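For reference, the structures are reproduced in the following blocks.
Okay, so subunit A shows up in both of these, paired with subunit B first and subunit C after.
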Partner chain A sequence: MPATAATAATALPADPMVPVPYRITRVARELSDTFTVDLVPARGKAPFRFAPGQFNMLYVYGVGEVPISISGDPADGARVRHTIRAVGTVTDALRRLKKGAMVGLRGPFGTPWPLDLTEGCDVLIIGGGVGLAPLRPAIYEVLNNRDRYGKVCLFYGARTPDDILFRGELEKWRGRFDMFVDVTVDRATGRWAGPVGVVTQLIRRGGFDAYHACALVCGPEVMMRFAVPTLNEIGVANDRIFVSMERNMKCAVGFCGHCQFGGAFVCKDGPVFRYDTISKLFNVREL
Partner chain B sequence: MSAKQKSESAARVVPADGLDALIRALARAGYTTIGPRVEDGAVTYRPVGSAADLPLDMVDEQGGGTYRLRASKGAGYFAHVVGPHSWKRYLYPPRQLMWRASRARSGFAVEAPEPAADKLAFIGVRACELRAMEIQDRVFDNGQFTDPGYRARRAAALVVAVNCGRAGDTCFCVSAGGGPRVEDGYDILLTEFPGKDHTFLVQAGSARGARVVKALRGGRDAGEADLRAAQRRTDAAAKAMGRELAGDAPQVLRENLEHPHWQRVAERCLNCANCTMVCPTCFCSTVEDVTALDGSHAERWRTWDSCFTTDFSYIHGGAIRRGGAARYRQWITHKLASWHEQFGTSGCTGCGRCITWCPVGIDITEEVRALAARGGRK
Partner chain C sequence: MVKTGGMYDLLAEHPFFAGMDKGRMEVVAGCAMNERFEAGQYIFHEGESADKFYLVRHGMVALEFHVPGREQTVLDTVHKGEIFGWSWMVSPYTWSFDARAVELCRLVSLDAKCLRGKFDADNSLGYDLLRRFIPVMAERLSAARMQMIDMYGQPPDRK
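Now for the complex of A and B:
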C-alpha cells in the first residue's frame, strides 16, 4: 500500500527518547566505507511505517547513538533499511555488527520529501555521495506510483566510479523507459566512460519541463549550494526545490538544541526544507 | 487576576516572622523548600529549613563580570536580586538519567525510569524567573514532543514568588518584558516591606497557595493601601533599572548575520559557556553514554550543554561553527531572534545573569546596540 505509507508514517513512537531494540537481519556491503543494514523489531511484528526522507536514531549498545536516514522502500513495513557510511565512532561500530546483533532504534523523525505536492510534476532527484540513501525511498515511492508523476530524472554524482552507491539499482533504473538517470564522477578512474565533473552539469540534460518540475536535493552542502543556482537558471523556482539538511543531533525531538539552523530545528522542522524557507540562511558561513 | 480568583485568594499582611511560618507550613505540607542561601560568596538556590537560612540584610553588587555580596542593615530577606543559580536546575536538572540498558541474552534490554517529581516549593521566585519558566514550558512542550519529566516536575512545584523592590545593577527586565512586577503564574506572592516595621504582603494566586496563606497566623487582611504600597515598590525598581534591551533586537540580529562586529565580540569572548549555564532559559543538552567496564550495563545521561563548545555543532568532518564569532552569533541570535520563530517569545527575560557572570563582562544589551549602530542595518 504505497499510497498510505507516506501518510501513516507520521505516527510518533511511544516514548521518543527511549530506544526500542531491533535485530539486524541482513548486512550488505555497498562501498569500501558504506554498508546497508536491515532491521526488524526484536519483539512483536508491528510494521514500521515511515515517509521517504525521514530518519531514525540508531544506538549501538555501549557505544552511542547517531541519526541515520532510512534508505528502504516505504511500502515495505517488514524491515527498516539504513545505508550508512562509516565516518565516526558509532558508524564504525555499526559496521562491525553482524546479522543477529541488536541495535536500539528511535524514530522515525523529521519531515518527509513532499511527494504529494510533487504529484503531476516532473520530478528531479539530485543526489551526491551517500546523499542518495535518503533519496532512495522517494525514488521507490515515485516508481511505485509512477503514473502520478511527469518525467522522473535522477542526477547522481560520486567522487569516483568506485564510490557510486546502489550501482546495480542505478543501472536497473537507467534501463527503464519511464525514468532518466545520469551519473557523473568527480574523478574518473579505470574504465569510466561517463561524465566527469559536478552533478550540476547533468541537470540541464534531463529534457524535463523546468517550469513544472520539483527538485529533491540531498548531498554535501557545497553540492547543494551549486545545485540550487543551476536549478534557478533553468527555471525551477526556490519554492519547488527541496533540500535535506544535516546537523549534529542528540535528541531528534527538538529539546537538545544541537541541530538548530537559524530558527529551525533540523530534527523536527527538517531535515527536508523547502528551499525558499531557508534561502537566506543557506549561504551564511558557519551557521 | 480575575475577580473570581481575587475573591477566593487570600491576601494578608504579616510581620516578618510570618516568612518563617510560611516556610515551615510548606514543609509540613510535604514540600521540600528551596530558597536563596549564601554559598561561596553568592546567593544560590538550595534547600532551606527556615527563614534563618535566607540571606537576611544582604545586598548584591553586580556589574559586567563582577558579583559581590555585602551586608546592608535593614535591607530585608529579598534585597538581593538573582545570583548564578536559576530554578531551571530543579525543573530541568543539569544531569538526568534517560534510561538504563543491561546486557541480555543475545542483545540488551532498555528500561526508562518513571519521571519522578518531588514536591518542591520554590521560595523567592522573581518575575524574570517566572517568565523564564513560562519560556521553558514552551521549549519542553514544543507542539510535537513533550518532556514528561519536565512536565511532572513543573506541575509539582509550588511557586512562592517575590516582587523585586530593588533593581540589580545588570537587570534589564523592564525592556525585556520579564518584570519586575510578578503578574501571574505564582501560588503565593510576597512583597517585602523592610525597615523598622518589617512586614510582608502575602497574596495567594492558586487554591493550594490560598490554603497556605489562610493558615498563616498573626497580621491582618490586606487592603487597597497595601496593594498600592506593593505597586510602589516594583515601580521604584523599574525606574532604577540601568540597562535596556533594544526593542528591535530580533530584526537587528537577523539582518546582520555577516556583520564585522561578530569578529570583535569573538576577540573578547572566552567561549567559557558561563552565560549559557547561568541563563534561566538556555536549554541545550547533550547525552553521555556510560558503559560499565565489563559491558554488563549502559546508561544514558542527559547533561546541560552549551553552544559555545566546538563539539556542539560537530558532524562528520568537523564542527560547523568553528570560530568564536559564529558561536557567539548563534547564542545571541538564538536567544533574541530565532526564539521568536521557535517558541513565539523572546528567550531573554532581562535577568542580567549573562552580563554578571561573563568573565570579561560582555553585555548582551550593548552588543545588540553595537550591531545596530555600526550601520549594518538597512
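Now for the complex of A and C:
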C-alpha cells in the first residue's frame, strides 16, 4: 500500500500532555462566528505532520483548552491551520487573539480519515456546517493524489448561503473537471440560485458507483444520523462509511474518560470511526 | 384517438413511474402534457387552482413561500427526476406555495381532473399512484423537519 501523508503522522507526540508554544501568524474571518488561524512553532522550525481528520488541543493561556480539528493541507508542514467556530469560553477567547499572540498546542491526536482504504473507490465527502473543516485536509489529500481515486463527490450543506464555509474553495473545486461538488442550504431567498434542502437529498442526485464508493461524513450528529440511512439505501454499506464524532475531549490520549463513547474513547479510538463499529451506539441518547 | 406514444416514453423514463404496468402508464399518459418554463418564470402561485402535478425532466424548480414584508423564502428545490405538487389530491385543491423555474425547466404536467376521472374508473390505478406519492411526501416531510431544527445553527444557549 503506498504511503501517503494520511498514514505518516498518526504517532503520538513525545509528551502528549505538554502544550508546545505556537505563534499565530494569520487570523482570517470565515463566517460571522467562524474563523481560521494559522500557527507556527514559537521555537524551532520542525515541520508539523498530521493526517487528515486528526485534531489538536489548543490552549489559550489562562482560559483553557479545546480540541480543534486541523483544517489545513497535510502537505504543508510549515504551518498548522485550524478553522474554529466560537461556541464557548475558550473558542471565544481564541477569536479575540490577534496575529502574533501565543497559544499552547498539543497534538496531533486521533484516528485519521482512512484515505489508504478508499484508494480505487469513488469517494463521497459529505459535510454539514463547520463539519467541512475536518474534511478539508482529506479533500486536499485526495486532490493531491487524484489519480489514486475514482469519482470524487463533495456534498455540502449549510444553514443559509451566508453560512457556506470555504466558499471560494468550493467554487474552485467545483470548477475542476475531476471533482463533483454540490452545495445546498436549509433556507434561502430567491437570490440564491442553488439547491435548497437537506444535504441528504444531494446524495441521491450524486451519480456515482455506490457499490464501490466510500463515504467520509462530518457534520452535526443529527445530519450524520440521516446521511447514513440514505447512503445505505443507495447501496453504500456501513463498512464503507466513516464518520467523525464530536465529544467533550479533555486529555486527548484516553486517560480521563471525558469523551467515552460506549467502549471507545473518541479522542484515542476516534474521532473517525468506521460506521459499522459504532452503529449500535449511534442512536443511544445517553451517549 | 389521442396519440400518447411520446408522453408514454417521457413517463417511462421518469423515476417516479419506474416499474409501472404498461397499460396503466398508457392511461396516465393520456392526462400528460409537455411544458417548458424559462428561468425566473412562475409555474404557479399560492392560492391558484391546483389542477396539475409535475414531473421534472430537466432543470430546477424552487418552491417558495411569500411572507409579506420579506423576500421570497425558498422552502425547497426540486430537480431532474423528481416531482412536485400534491395539492390536487387534497381539497380545496389550491396551491399552498409558489413554484418558480430557477433555470430553463422541461416538465411533464399531469392534469388532475383527468387523473381523478381515471381513478374513479379504476381504483387500483389511484392506489398505484398514491403508493408512489407517499414515499415522496414522507421524504419531503422528513427533510422539512430537519430544516426546521436548524441543525447547523448555534446551540440554543448561545443564541
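Here is the rule we go by: the second predicted complex is superposed on the first by the 281 of 287 C-alpha atoms of A that agree within 3 Å, B and C clash if a C-alpha of one lies under 4 Å from a C-alpha of the other, contacts with A are read in each partner's own complex, and residues count from 1 in each chain.
As a working rule, a residue touches a chain if its C-beta (ideal position, glycine included) is under 8 Å from a C-beta of that chain, and two chains touch if they have at least 3 such contacts.
In this text, all values refer to a predicted model and were calculated from it rather than measured experimentally.
Visitor: In the overlaid three-chain picture, which partner chain does A:Val87 touch, first (subunit B) or second (subunit C), both, or neither?
Guide: Both subunit B and subunit C are touched by A:Val87.
Visitor: On the A-aligned overlay, A:Leu117 touches which partner chain: subunit B = first, subunit C = second, or both, or neither?
Guide: A:Leu117 sits against neither subunit B nor subunit C.
Visitor: When the two structures are overlaid on chain A, which partner does A:Asp33 contact: first (subunit B), second (subunit C), both, or neither?
Guide: The answer is second: A:Asp33 touches subunit C but not subunit B.
Visitor: Taking the superposition on A as described, I'd like to know which of subunit B and subunit C A:Met17 touches: first, second, both or neither.
Guide: A:Met17 contacts subunit B only, not subunit C.
Visitor: For the overlaid complexes, name the partner, subunit B or subunit C, with more touching residues on subunit A.
Guide: Per-residue touch count on subunit A favours B.
Visitor: Touching A:Ala78 in the superposition: subunit B (first), subunit C (second), both, neither?
Guide: neither
Visitor: For A:Ala193, is the partner it touches subunit B (first), subunit C (second), both, or none of the two (neither)?
Guide: second
Visitor: Between subunit B (first) and subunit C (second), which does A:Val222 come into contact with in this model arrangement: first, second, both, or neither?
Guide: Touch status of A:Val222: second partner only.
Visitor: Let me check the overlay on chain A: which residues of subunit A are in contact with subunit B and also with subunit C?
Guide: On subunit A, the overlap between the subunit B and subunit C contacts is residues 87.
Visitor: List the residues on subunit C that touch subunit A in their complex, please.
Guide: Of all residues in subunit C, those touching subunit A are 60, 62, 64, 71-77, 79-81, 100, 102-103, 142-143, 146-147, 149-155, 158.
Visitor: In the complex formed with subunit C, which residues of subunit A make contact?
Guide: Residue list for subunit A touching subunit C: 33, 87, 128-130, 157-159, 163, 184, 186-198, 200-201, 205, 219-220, 222-223, 226.
Visitor: Quick one: in the complex, what on subunit B touches subunit A?
Guide: 98-99, 101, 103, 106-110, 112, 139-140, 142, 144-145, 147-148, 257-258, 283-287, 289, 291, 295, 298, 300, 302, 305, 307, 312-317, 320-323, 325-326, 330, 334, 337-338, 340-342
Visitor: Please name which positions on subunit A make contact with subunit B in the complex.
Guide: These residues of subunit A touch subunit B: 12, 15-21, 23, 42, 61-65, 85, 87-88, 91, 100-102, 104, 246-248, 250-251, 253-258, 260, 262-265, 268, 281, 284-287.
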